[in-house]
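Structures given as structure tokens follow.
Each of the next two complexes has chain A plus one other chain: chain B in the first, chain C in the second.
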Partner chain A sequence: MLFAVLLPFLASIFIPFLAKWKDRIHTGIFVTLVPLVIFIYFIQFLGTGFQPETRSYSWIPSLDMNMNFYLDGLSLLFVLLISGIGTLVAFYSIYYLHKSEQLGNFYVYFLIFMGSMLGVVLSDNVFVLYSFWEFTSLSSFLLIGYWNHRRGSRYGALKSMLITVFGGLSMLGALVFMSVITNTASIQQMITEKSIILNHEFFPLIMGLLLLGAFTKSAQFPFHIWLPDAMEAPTPVSAYLHSATMVKAGIYLVARNIPIFADSEWFFVIVSGFGIITLMWASYMAVRQTDLKGILAFSTISQLGMIMAMLGFGTKVAIFAAVFHILNHATFKGSLFMVAGIVDHETGSRDIRKLGGLMTFMPITATLAILATFSMAGFPLPFLNGFYSKEMFFDATLDLESTSNALAGFMQQALPYLAVFGSIFTFVYSMYFFFGTFRGKAQISELPKKPHEAPIGMLISPAVLVAGVIIIGLFPELINKPFISHAAASIYGGEIDKHIYFWHGINLPLIMSIAVLAFGTILVLTRTKWEAIYRFIPGPLSMNKVYDGSVKRAETYSERITKTYMNGSLGRYFRLILGAILIITFGFMAATTGFEFNMAYSAEITLAEILVAIMMAVAAVGTILAKNRVAAIIILGVVGYGLAILFVIYRAPDLALTQLIVETVTVALFLMVFNHLPQLKMRKQAWSTKALNLIISIGFGALMTLVAISAHSSKWFDSISSYFVENSYKLGGGDNIVNVILVDMRGLDTLFEIAVLGIAALGIYGMVKLRSNKEEDA
Partner chain B sequence: MEIIMAILAGLLFTTGVYNLLQKQLLRIAIGTALISHGAHLFILAMGGLKGGAPPILVEGIEQYTDPLPQALILTSIVISFGVTSFLVVLAYRASEVNGTDNIEELRGNDYE
Partner chain C sequence: MIKTNDLILRTTTTLIAFILFGFSVYLFFAGHNKPGGGFIGGLMTSAAIVLMYMAYGMESVAKIIPINFRVVIPIGLLIAVGTGVGSFIFGQPFLSQTFAYFQLPILGKTELATALLFDLGVYLTVIGVTMTIILTIAQDRKDETA
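And now, the complex of A and B:
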């Protein structure tokens, strides 16, 4: 199983090499094999006798981060979607992307996405899940921005990144909370200990943060705005990431955590509330779109809202319907995206106002489109899977668990009406999509290319998906027992024994469907009359304006703030850095009582040391007061030689020798250079600047003194020095311990030290010797 | 004795930082040198002074001064020598090319 997850990553390493031969053989052909292998591997798990499986692989055991994969019905549903749709999309992309494109980049991103998405749905460890989750955001960013010469692509990529990563970080917060209070990083463990989470005082915060992650990823209102802009990506990407798989990661997250959160009443209110608002808003917005992919984007958002709402209900019917709809949505929406891609590819336009009458030019595409759109609309025909799940959705809204919460009670009353309202618009945009593109009057002259039927290879993938629509529609029981039931049961936490029928007799859900059909048809037929309203709402209420505004404001404000302290004065930067060090370190020392004073290990005081110390102190202060260059340099030398004497007193002969030589050379160097530097001038400084400098420098000195005293006073563990004393001769063969440490035990350090000196020497040589041409001329 | 050395190290840091905060390049170079002296003394004082004989193995002596801080300081002396000399030459070149040794006047170009 680990191999299945890692296979796409491994394969992506070879893609750049294969892409070199893209003129002879399209890279996509190799890529198609990867998800196909994964699909074949996982489909073997399918069957009525399926049991959840766990596979563990150690990764970072010390941090409790392990590749623990948990394959239950829900994971299996997603894994098969990811690999199945992945195969079809990769195959489709062979015909969609021309060989002149940068295929290497595209397929690397594509495979990285596939691998990380598999990781998201299989990981039981929350931190591994989070890592894969962010990888999907990252690869989505790269894929949206694939045509990076387009402004829209860059804008859409950035927008999706900002919103989904914002949500991802919130989710990380929730996951950290959950793992800290339950003391485990495994989701299955958390489910068994859910009472701890439910009764925790931070429970509302945890749930809020987690749902924020899910809502941003699954494009729920008001975070849905990134998805329409993500349509700048190549169409295979839209079909794969932004419809069938990645946007369902949020759905997956919610479904995965239902066993933990479902007992909370607010879970229903929030998840179903946002879900139903998303359903209505996005299906209304879809009607306003003129871009084929724009319609599909909003349609995806609204369908995601519908699934989210059903997950919030938490009843058997609702969860079963949600899982069923995840599968159905992937089939019909995936094929519709591919149809939109075909139309774009063969006519050169996706603008529905220019399109029309394409049925005569592209009969096969049109046939696929009509089946998929009518399934999406929930048209009551026995061979369309969309109808079944929509009908169950209506059923679920009518059959909710009773509640004592007033808000929840009100929502339960309103839900059936809201569901019908959203579905009417779903019907309208579905019809609009099909009839606007394939029926009506053809405007060949408006189109950049003369339309014709797509090559057969391009038609295969959508045809397979549409075949899925029909097969599921005709024989729903085929996938029920071995597949859907397992997935629903793992969310619900108990057996679900449900049958899928086309005909339930005349009941309320059927009446609701008929109402949708009737109102929808009226709205479609009288479309022209409504256009004024479509144009008027939402206008200034659009969330896009909020997003654009906040991004722009964030940029201007951060620029303004940066300019206040980054004014180009090095002295000021240095003061800020030192000030920050002082505040932080002193603050910590005070807060943690880090200062310690203990004179037990202290050495005795002798007169000679005191005298040297006084001499050095006077000299150090003298460097500040000296008005003459040579005097300042000589005084600096006094400090250095004083230090050498101290080394002698403190039994460090090597240090004393080195210090003497280095000090001599340094003073000589200073003396050689000073003549070229201007005289020291006591520049007029403002009194306040002087005081500030004094405070900072005294504060820093005091800090270092305190640190030195505390370090000397506290002995937390035994020194490692005895090791060197004992082994100096044994291992290094030398009596001088310091020398053995330097050249033998820490030999690499010394090697790099020499390298640093060498670099400094080269730099000095360069500065002294080399002159730019201009200077030589002068 | 360690307290006195710690205070002396603190004083070296103080004078070094004060010199660093000045505007003239020579002062800044002097400040850097003072700070490295301070750092060496700081490490020595932290480790404890006069713990025994100089760290050179001699028959019959069991107690030696801690050799580890000395090894660290030895590395540090050499590195700080490299840094200081680089800085001194840089100061020389900078003032020669730009005609000023005031860092407030060395502010890069307008495009920053």
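And now, the complex of A and C:
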């Protein structure tokens, strides 16, 4: 099983080399083999006696992240869909993509997507599941943006990325939660310990986050908006990702977690509620589209909503119908996308307003299309599989377990009507799709190309899928026992013994189907009359506007916030930094009563000290008030020399010497440098800024003074200086303690200080000497 | 630049520069037992050299002291690091200093400390740094006026 998952990844490594020969052999031929091998490998698991299988491979055992694969009926259904439709799509793409395209890129993305999708449905470990999940988002992003020179492609790719990754991260949150509280990373073990999750206080959060992940991936309302824009991708991608596989990852996730969550009655309300809203809204919106792929995109959303709703019901018949419909939808929707691709490829347009009357030009395509669309509409004919699952859907809406929850009870009453409403519009857009494209008046002159039948290779894949539609339609029992019932059983957690018949006798579901047929036909025939309704619903309201608006607003607001505090003014940054220090330190010290005043350690104050201090204070104030820059520097020098005198008074001759010389040098350097600068100009500052500056500087000075006094007032430890006094001569051989500390006891500090000096000197040299180049350029 | 007749300055400089230099050497050697050391000694030496530059101008001093002060910085740093690395030879940790008393021919009983070598590194680095900074800025000014 590991090999099956890794095979597409391995193959994708070799694609760039194979793509170099694309002029002779289309790269798609190699690629087709990969899913075919996987399909053949997995098809042998089919059979009535199928038992779930587990395979474990170590990855990061210490974190409980292992490549644990679990193949049960549900996984098998998805694996066969992914590999089977993958084969057909790869084959179809050989004829769809011209050799002049960048085939290497396309097939690498394609294979990565396929491998990660297989990983998603086979993983039992939630972390591995999540890794593959994000890989599908990433490769889908790359595939949607395949024609990256188009603006629409880039927009669609970004949109799908933002929405699906948003959901993916929510899902990760839920998975981590579940893994932490059950102390296992295996989904199967979580199912056995579901009571822990169900009774946990964060259960609503867990379920919400998980469903958010599933809903965004499966394009449920209101996150469906990325899917119509993803139609900018090449048609094989739309057929594969956005009808059969990736959008069903969310369905898979919900189905996989039904054994855990189904006991909560909110699960039904949320999943079925969103599912049915999605079904109705998307089928209603699909009729409005003018682009063939746009119709199919909304149709996909609506069908996914229907499956999601059925999963929410959680009854035997509903789960069976959901699984059955997953298979049916993959067959007819895959073929319809390929038909749309053929129409686009052979006429040069996907605009349904320009198309029409193509039946005579493309008889085979039209035959495939009519079978697939009627199956999608759920037309009651005994050779169309769509009818069976739709009929079961109606059956399921009527057969819900009773509930005490008022909201759930209301939903149960409303569901059959809503289902019929959604199905009427499904019927309408299906007919609109077929008749709008293949019937009516041909407008050959409007089309960029003269329409003609597609090459045989392009028709094979949709033909195989339509053959699937008919075979399932004619012999539904063929796939029931060996296939569908296993998948349904692994969701439901028990045997499901259900038979699929075309004729049930006259019962309520059949009457609902007939009602759909009748109302649908009326609406199709009068479509031009009631189309104006779209001006009121949705009218100007649209989720796309919400998305665009929030993206734009996020950008403008973050820009505005950044511009507010990062305005480039150093003065403001200083105010912010010092202000923050002031508030935090003052607040902390006041709260912990950290300030302490104790005169016990203070020494006597001499007259000389007072005089020097006054001199320095006067000079410091003078520096601030000086109007001339050179004067300010010289007055500042007074402070420096005052400090040197203080050093003398406090008996620090080395410091005094150094301070004297360094002060002289700095003053000299300041004067040299400031000689180059223009005259100091009085800057016009608002008095509020000045006052703020004053408050902050006085506050900061006060803070530092208080901190210094407090530090001095509390002596918690003895000073280590006595050690130096005692050992300076004994160990260092010198009487000058300061110097012995500098060169002997703490020589490392000195070493790096002179290194700092050296770097500073070289820096100045570099700045002065290398400056000229730039000036010459200017 | 107009050359003024700065005879007095030049004459006193010849005297003062050497006194300064001698004082700085004293500071450097005295550092271990009296106030002073490599840092102050280095600054003092630079002061002497700067004085000579002020009195005699760039070209003349560059001829008298043909030293590229930028090279002095790495030499000083190398000596300082070298004394630290040298302690490895004797199986001691980095920057272990030691001292001993020797009977030297002229000076008599003298204390020789490895710390002095380290201080020499400091001394040379400080000279290199101050001179590099001052000369760089001074030359930049001259380039602009020229």
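Things worth noting here:
Following the convention adopted for this analysis, the second predicted complex is superposed on the first by the 561 of 778 C-alpha atoms of A that agree within 3 Å, B and C clash if a C-alpha of one lies under 4 Å from a C-alpha of the other, contacts with A are read in each partner's own complex, and residues count from 1 in each chain.
To be clear about the criterion, a residue touches a chain if its C-beta (ideal position, glycine included) is under 8 Å from a C-beta of that chain, and two chains touch if they have at least 3 such contacts.
A quick note: this is a predicted structure, and the numbers were derived from the prediction, not measured.
Once the two complexes are laid over each other on the shared chain, residue contacts for A:568 go to chain B alone; chain C is not touched. Judged by the touch definition given at the top, the superposed model places A:417 against neither chain B nor chain C.
When both complexes are overlaid on chain A, the residue A:735 reaches chain B and chain C alike.
In the superposition on chain A, contact is made by A:762 with chain C only, not with chain B. Legend: residue contacts after superposition of the two complexes on their common chain; A:475 is shown touching neither chain B nor chain C.
Counting the residues of chain A that each partner touches, chain B and chain C differ, and the larger count belongs to B. Contacts of A:643 after superposition: chain B is touched, whereas chain C is not reached. In the overlay built on the shared chain, the residue A:743 is in contact with chain C alone; chain B does not reach it.
In the superposition on chain A, A:751 makes contact with chain C only, while chain B stays out of contact range.
On chain A, the surface patch touched by chain B in one complex and by chain C in the other comprises residues 653-654, 658, 662, 665, 669, 673, 676, 735-736, 738, 742, 750, 757, 760-761, 764, 768.
Considering their complex, residues 1-27, 29-30, 33-34, 37-38, 40-42, 44-58, 64-68, 70-71, 73-75, 77-79, 81-86, 88-93, 95-97, 101-104, 106-108, 112 of chain B touch chain A. Those residues of chain C that touch chain A in the complex are listed here as 27, 31-40, 43-44, 47, 70, 73-74, 76-77, 80-81, 84, 94-95, 97, 99, 111, 113, 115, 118-119, 121-122, 125-126, 128-130, 132-134, 136-138, 140-141, 144.
Considering their complex, residues 568-571, 574-575, 578, 599, 601-606, 609-610, 613, 616-617, 620-621, 623-624, 629, 632-633, 636, 639-640, 643, 646-647, 650-655, 658-659, 662, 665-666, 669-670, 673-674, 676-678, 680-681, 683, 693-694, 696-698, 700-705, 707-709, 711-712, 719-721, 724-725, 728-729, 735-738, 741-742, 746, 749-750, 753, 756-757, 760-761, 763-764, 767-768, 775 of chain A touch chain B. By the touch criterion given at the top, residues 653-654, 657-658, 661-662, 665, 669, 672-673, 675-676, 732-736, 738-740, 742-744, 747-748, 750-751, 754-755, 757-758, 760-762, 764-765, 768-769 of chain A touch chain C in their complex.
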